[in-house]
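What follows is a structure written as structure tokens; I'll ask about it next.
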Amino acid sequence: MNTHLLNMLWVALLVATVLTWLIGKTGYTGPLAVSAILVIAAIKGWMIIQDFMGLRRVRLLWRGIVVGWLLVTLAVILIAYWLGLK
Amino acid sequence: MQYKSQAVAKPYFVAAIALFVAQILFGLIMGLQYVWGDFLFPYIPFNVARMVHTNALIVWLLMGFMGATYYLIPEEAETELVSPKLALAMFWIFLVAAGLTVVGYLTVPYARLAAMTGNDLLPTMGREFLEQPTITKLGIVVVALAFLFNVTLTVLKGRKTAINTVLLIGLWGLAVLFLFSFVNPHNVVRDKFYWWWVVHLWVEGVWELVLGSILAFVLIKVTGVDREVIEKWLYVIITLTLVTGILGTGHHYYWIGTPEYWQLIGSIFSALEPIPFFAMTLFAFNMVNKRRREHPNKAATLWVLGTGVMAFLGAGVWGFLHTLSPVNYYTHGTQITAAHGHMAFYGAYVMVNLALISYAMPILRGRAANSNKSQVAEMWGFWLMTVSIVFITLFLTAAGILQVWLQRVSDNPLPFMVAQEQVSLFYWMREWTGVIFLIGLLVYIWSFFIPGEEKAA
Amino acid sequence: MNAQHRGHAPRPYPPGDLAIWVFILAELAAFFALFAAYAFTRLRHLELFNEMQKTLDSTAGMINTLLLISGSWGVARAVAAVKANHVRASANWLLMAIGSGVGFLIVKYFEYGAKFSAGVGLDTNLFYTFYISLTMFHALHVVLGMVILLFVWNKTRRGGYSAHDHHGMETGASYWHMVDLVWIVLFPLVYVMR
Amino acid sequence: MSEAFTTSTARNIFYGGTLFFLLVFLALTYQTEQSIPSRDRREMLADAKVVAGKKIWETNNCIGCHTLLGEGAYFAPELGNVVKRLGSEEAVKAFIKSRPPEGVPGRRSMPQFNFTDQQLDEIAAFLKYVSEINSAKWPPNIQG
């Protein structure tokens, strides 16, 4: 495993986390903020699944299950949020 | 039969099936009382018939488990049972105690029975499924201890496999949790809370370990698949069982005065409870597909596959149907629960017992498998009983849905008894299906008496 | 290690023991159900949830996210190190991950402490039922993950793993990453978005 | 497959996972015990009649036909809210007393238990106590 890549991802994940927190702190709400937050979560989760968990080199079925979990979970959250807007 | 002491299993199996017949007969009486209210009244009131029906079920399943344990432990541990005499003595004590208890139910008013058996000293009677007199309960503890002593020592001196380890964990858990039947606080909420530690943690917890290990044992025998593979599956299945089942207890804590967060926890974990049952179905079919030998006992294989499917349907699907708290709010304590109970008990515990009996009984009688004729009759029994239970479940589900609608959902909710009359058609259909079930059971028993030993031991 | 894999057909099974993956999938299913239940219950109690969310300490949540991510990174580095046969470094990376778990629990301790001393409990209101159930359940997974990592660390320290045999370490690592992954969803859902 | 999936790991996950969820369950049990005093009306148990009533409830196997907070048999009406449904404890007592010993032809009927007046008081007190337990708004309506 490329340790350099791991380090880069680590920094990226830290930055993304602070970004999410800032969105909350600055009081941004609404569809745009929530979409941004969920997209950030998706990217973070994807990085963890692909390279920390190491599923990048595993056949599609297993990767699909875990990435699928992430996307479906976030999609359900988004749908519930969207329904709440009406 | 590889070990002489396995023979002690035989009386357990015979008694189990005899009690099974009693269970069904009293079930038919109750079913009739649903539509013919004063049938046998006041000689056998409904509650008495129900006690016999449910207690006979529990006792015969336990008898079957014990017989199964005595049969499979020597073979797994590769050593004779520590004390076959103790096993036989316990058999008779258990049988006589169970018999006397049933006689007590049928001949004496329940309050008198309670007074006669010293319920005042340690009141434990009169709670669903735990109606047995306190002295019977103490007797069960003694029998269980002697039984566990016997089989645990056998395993300790012999080979320890995943199957006998899991079986022992299940049996010890069963015995330890039974001790909660002696916990009977005055506070109804706490009473119910710990009552479920016996009832739920039995059937959706430790009993499933027993079920899993018996199933694994029979699968190894009839398919010839590597023990290694089957044992892995066994561990995965029982992990899923306990991971979901322990917190799944929460689905009983919705409306009995316990805090409302149980609605969240109970709903989530019991929604996952079908997973282990689904895994069990996959397991059974997978192993049979991968079989390395054609075992002459086709009937046993059928029972094993049946267990996988019916346990998933009855415990998994029908359980899930009414387990989420918003649904359960309406279905709690209706015929839906009864529907689930019938198919789950049959699909999981009745069938696994019959699977092991089907496999072991011919061997105990000195042959690898019964004659074709006998097996055909047994399979007829299988199909008659299984199809009947499916229809009983469907009719009770229909009755339940209608009951929920009339009594709880509609704009002008009907009183309980009025709603009951509205659904009596389904009760009649259930009763007739019950008769077919009894016929199936009789065919099954008849198959034991069909001679012929085409296959040598 | 990297070169070995490049250009090869994908591996049939995820890293670690398949049994842990069955367990991981069951856990993910449980968390999915919890998240979905949260999201849809929020829908019916929008005002309560939006108002109550403001009482949460999102900074504590953010620090905890950083800690878990760092722990996950540490474990990934530990696996990379053992594959390169740097056993000592691997053990140290594991220790760092365990340390991040300890940090997580310390932050949680203060966070809960503040809530409980304010009289908040599981049945204060629906939002807190979810907040406490979800985060407490997750925190217990952190504890379990730490116990697993402690075993793995101990075995690594004694030279139990090597470039040839690190199946057990990958098993523990996969579980730890799952705990992290779940938090990545939990943090924005419960602490931030409204 | 055999390398990817070992029996010893499966076994350890079984023990670890079970222990984990058992501990969670015990912790929740502790929490439940802490919080139910506000819901279970335990102060009513100070009345000896309620305690005696529960014993009569048990020794006559009422649960063999009825449900109580939805648990029991489904042959006869729910009794968790029966005091509210019939209107008063007096009405409950009158109903129990009025059951014909030989039953009602063709219909379900409760047996005649020949309770003394004191026993009837005790049963009614017990059912009154159960009706006041906070059961999260269950049953959905007065019919139980």
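So that you can tell them apart, the chains are marked A, B, C and D in the order they are listed, and the count of residues begins at 1 in each.
To be clear about the criterion, a residue touches a chain if its C-beta (ideal position, glycine included) is under 8 Å from a C-beta of that chain, and two chains touch if they have at least 3 such contacts.
Note that this is a predicted model, so its numbers are computed, not measured.
Comparing chain pairs B-D and A-C by the number of C-beta pairs in contact, the larger count belongs to B-D. Separation between the centroids of chain B and chain D, computed from CA atoms only, is 23 Å. Mean C-alpha position of chain A lies 46 Å from that of chain B.
Chain A and chain D have Cα centroids separated by 47 Å.
Computed from the mean C-alpha positions, the centre of chain A lies at a distance of 14 Å from the centre of chain C.
Residue positions of chain A touching 2 or more other chains: none.
Residues of chain D in contact with at least two other chains: 5-6, 10, 13, 17, 24, 31, 35. Shown for chain B are the residues in touch with two or more other chains, namely 232, 235-236, 239, 243, 259-260, 265. This structure has the following touching chain pairs: A-C, B-C, B-D, C-D. Of all residues in chain C, only 1-2, 5, 8, 10-15, 21, 25, 28, 31-32, 35-36, 39-40, 42-43, 46, 58-59, 61-62, 65-66, 69-70, 72-73, 75-77, 79-81, 83, 170, 173-174, 177-178, 180-181, 184-185, 187-189, 191-194 touch chain A in the complex they form.
Residue ranges on chain D touching chain C, taken from their complex, read 1, 3-6, 9-10, 13, 16-17, 20, 23-24, 31, 35.
Listing the residues of chain B that touch chain D in their complex gives 30, 33-34, 36-38, 41-42, 45-48, 50-51, 110-111, 114-115, 119, 123, 125-128, 131, 162, 184, 186-190, 192-193, 228, 231-232, 235-236, 238-239, 242-243, 246-247, 249-250, 252-260, 262-263, 265, 329-330, 332-335, 337-338, 407-409, 413-417, 419-420. Of all residues in chain B, those touching chain C in their complex are 232, 235-236, 239-240, 243-244, 259-261, 264-265, 267-269, 271-272, 275. By the touch criterion given at the top, residues 2, 5-7, 10-11, 13-14, 17-18, 21-22, 24-25, 28-29, 31-33, 35-36, 39-40, 42, 45, 50-51, 54-55, 57-65, 67-78, 101-109, 111-113, 129-130, 133-136, 138-144 of chain D touch chain B in their complex.
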